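Every chain is named by a letter (A, B and C) in the order it is written, and numbering of its residues begins at 1.
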């Protein structure tokens, strides 16, 4: 009897996850229905106007979608030359050594620093440098936000990549060495191709992180409503516009912001599912 | 097979190999620099105001800070309202998360082949990847709107949704690593399923589960975005879960937006970093100590 | 080959001047300071012979084999001392990359490169060594190498499939082909059939007898009947020492050392 109740409780808890997810999607859809009704799904997505003034009120998500994709992909690009060496350092060259556990703990701590502290660092330390570099007058913008995002996602990209690299059996690598290959050639022709899908999955997950990152970006991107066309531009991401404007929003504007939240949720969900799918396939093999 | 294959490029390739190794080391080293830069900045600017007052007084108003500044004194006040708020919000979130997260984790580890369990597992991944700002929106709609007030409770709900997938995953993975014989021998002794889980399985997996909870707490500790949409912030110490409440990251955000209060921003960040790194460190020790 | 005098090792190159191709001089390998896995081994290996290295597990036979192509250099904690001469040249003074090419190695478990096609696997040595080849040269090398391991007819229509698609025995022959493609001086084989079924094992053994015409082969095995079937000379190692090195037939009929006899009669192993 007691066991039956307990098993029932376990099942109920699992069911709660199902209901929670269903509830998340339901409220996001329901609360944003207004704006999709008003402009149509594509009319909302592809419209770059965002004008909350009552007389000319108009809402479109396009400039924020572009801002999000722009910063996230540029951050991903910036993080590769750092996260890949870290992955090779920990998963290949110094696999199993003390120095590798030191490096990986230090890099993992980067993931523990709160987004808002990254924002402060970007504002007080990096922004003056960006101004000095002459990127733009205020320092704020896509460039600054992407640099900080890149640092933030290094641990996500590197630790998972290192894990996949370290799983490559020594026997296969020895096969390459026994043919006269150097370590670098073995990495280039054997290790990286073998770990490639896992590494791709790691970077997709890191991209998902970058897409949804809020505070640091909000503090650094400049918060302007425009479609950014270059790294010097300021802009807004989907997450930063919600963080900035949610507080005073109501009516159609609130619905539009929730609509942006729904789109952001869908984009990150798809990105994460792709990464998880790749990894599931790997673990089966 | 008397003719030998010609290899003339050995030296060049060996040099290239060394260069690649050097670059890997160099860039790995460079990747660690931001952490030290951030810690340095927070410590060097934050230690001055890191004193008893920080823990005993509420955040100053912009006006008080301005007056103090004009008369050349250090700005008054601390972050007591943030500290109590963080304790209240995170504490409640932990209370919500632990039973639910543990139960789901147990369920998933006990039914690895079950189709429903697999669906739940997928959804857990989905929740884990959900941006924190979206979670803020959810908690706003679910709690703030019906109660017509920003509240600590709403903040806790948001943080619970963030922590839940992490705790579920760490519980599930820890329990899956336990040998099957552990459970079977318990059941063979005639113990009930419930007591085997609570007396044998959970204690054996304690290290992994506890580590998972600590890491989840350290992850949500510094979350700002979801709290902006739910707990909002308050200028006084508040223990009422239905009222707007501040939190350390919320105070940092306020200080950031108010030029008069900037001096105290670094001490608040320093405290936040210390707590987070401490949690990470304890988690590491626990994981090592109670290794399966 | 009949009346072999005691301790005169088999040498297939009857016409030549009995020059050994490989000379081991006081070779020692230690995994940790003071702990020797191979202890002061000296031996001469003659061209176009198969030499079996036998002994109970942990006796250092694989360790010795891996010393010959400087595999231990990959692991900084392992230390190799002594001299190894390959055709008169001391390989301890050569670049390990060159040594490994001259002394090709085949491993215990087949390890074709899983991301490469069968075709590319055979050519992997060239690709890894950054040697540019024309299409004709590539085709020629692939065909010749795969024919040498009797795999050509089985795979010539599936060249573009992954190496891991083959059966275990085929994979091992592919790995041998990959090694042969680089035209090594000696072939080092580390229990190449221990992961294979009897039929595949048989095929590999036939292949080795065939390859002997062109190569010198050292094979580590814990299978005594395999050593008896294919090898010309045998080494017996015990606790890192080379206890006995003699023509195989002699070792199996009249072992000189008590340990060898105990091992061959199955008292331990």
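Note that in this section contacts are C-beta pairs under 8 Å (C-beta built on N, C-alpha and C of every residue); 3 or more make two chains touch, one makes a residue touch a chain.
Just so we're clear, the structure is a prediction, and the values are computed from it rather than from any experiment.
Colleague: Of the chains present, which has its C-alpha mean closest to the combined C-alpha mean?
Modeller: Measuring from the global C-alpha mean, the nearest chain centre belongs to A.
Colleague: Can you pull out the chain pair that has more C-beta pairs in contact than any other?
Modeller: After counting contacts between each pair of chains, the winner is A-B.
Colleague: If you average the Cα atoms per chain, which one ends up farthest from subunit C?
Modeller: That would be chain B.
Colleague: Compute the distance, rounded to whole Å, between the mean C-alpha positions of subunit B and subunit C.
Modeller: Chain centroid spacing, subunit B to subunit C, equals 54 Å.
Colleague: Approximately how many whole Å separate the CA-defined centres of subunit A and subunit B?
Modeller: 17
Colleague: Give, as an integer number of Å, the spacing between the C-alpha centres of subunit C and subunit A.
Modeller: 50
Colleague: If I count partner chains per residue in subunit C, which residues reach a count of at least 2?
Modeller: Those would be 97-98, 101, 129-130, 182.
Colleague: Among the residues of subunit A, which ones contact at least 2 other chains?
Modeller: 180, 182, 185
Colleague: Residues touching two or more other chains, restricted to subunit B: which are they?
Modeller: Within subunit B, residues 7, 13-14 contact more than one other chain.
Colleague: Would you mind writing out the residues of subunit A in touch with subunit C in their complex?
Modeller: 169, 171-172, 174-182, 185-186, 189-190, 193-194, 196
Colleague: Going by the contact rule set out above, which residues of subunit B touch subunit A in the complex?
Modeller: 7, 13-14, 16-17, 20-21, 23-28, 30-32, 34-35, 37-38, 41-42, 99-100, 103-104, 106-108, 110, 116-117, 119-120, 122-134, 136-138, 140-142, 161, 164, 168, 192-194, 197, 218-219, 221-225, 228-229, 249, 252-253, 256, 265-266, 269, 272-273, 276-277, 280, 284
Colleague: Using the touch definition up top, name the residues of subunit B that touch subunit C in the complex.
Modeller: Residues 1, 3-7, 9-10, 13-14 of subunit B touch subunit C in their complex.
Colleague: Across the complex, what residues on subunit A touch subunit B?
Modeller: Residue positions touching the partner: 2-3, 6-7, 9-14, 16-18, 20-21, 23-24, 27-28, 31, 81-86, 88-90, 93, 103, 105-107, 109-110, 112-121, 123-125, 151, 154, 158, 180, 182-185, 187, 205, 208, 211-215, 218-219, 239, 242-243, 246-247, 257-258, 261, 264-265, 268-269, 271-273, 276.
Colleague: Quick one: in the complex, what on subunit C touches subunit B?
Modeller: Touch residues, subunit C against subunit B: 95, 97-98, 101, 126, 129-131, 182-183, 214-215.
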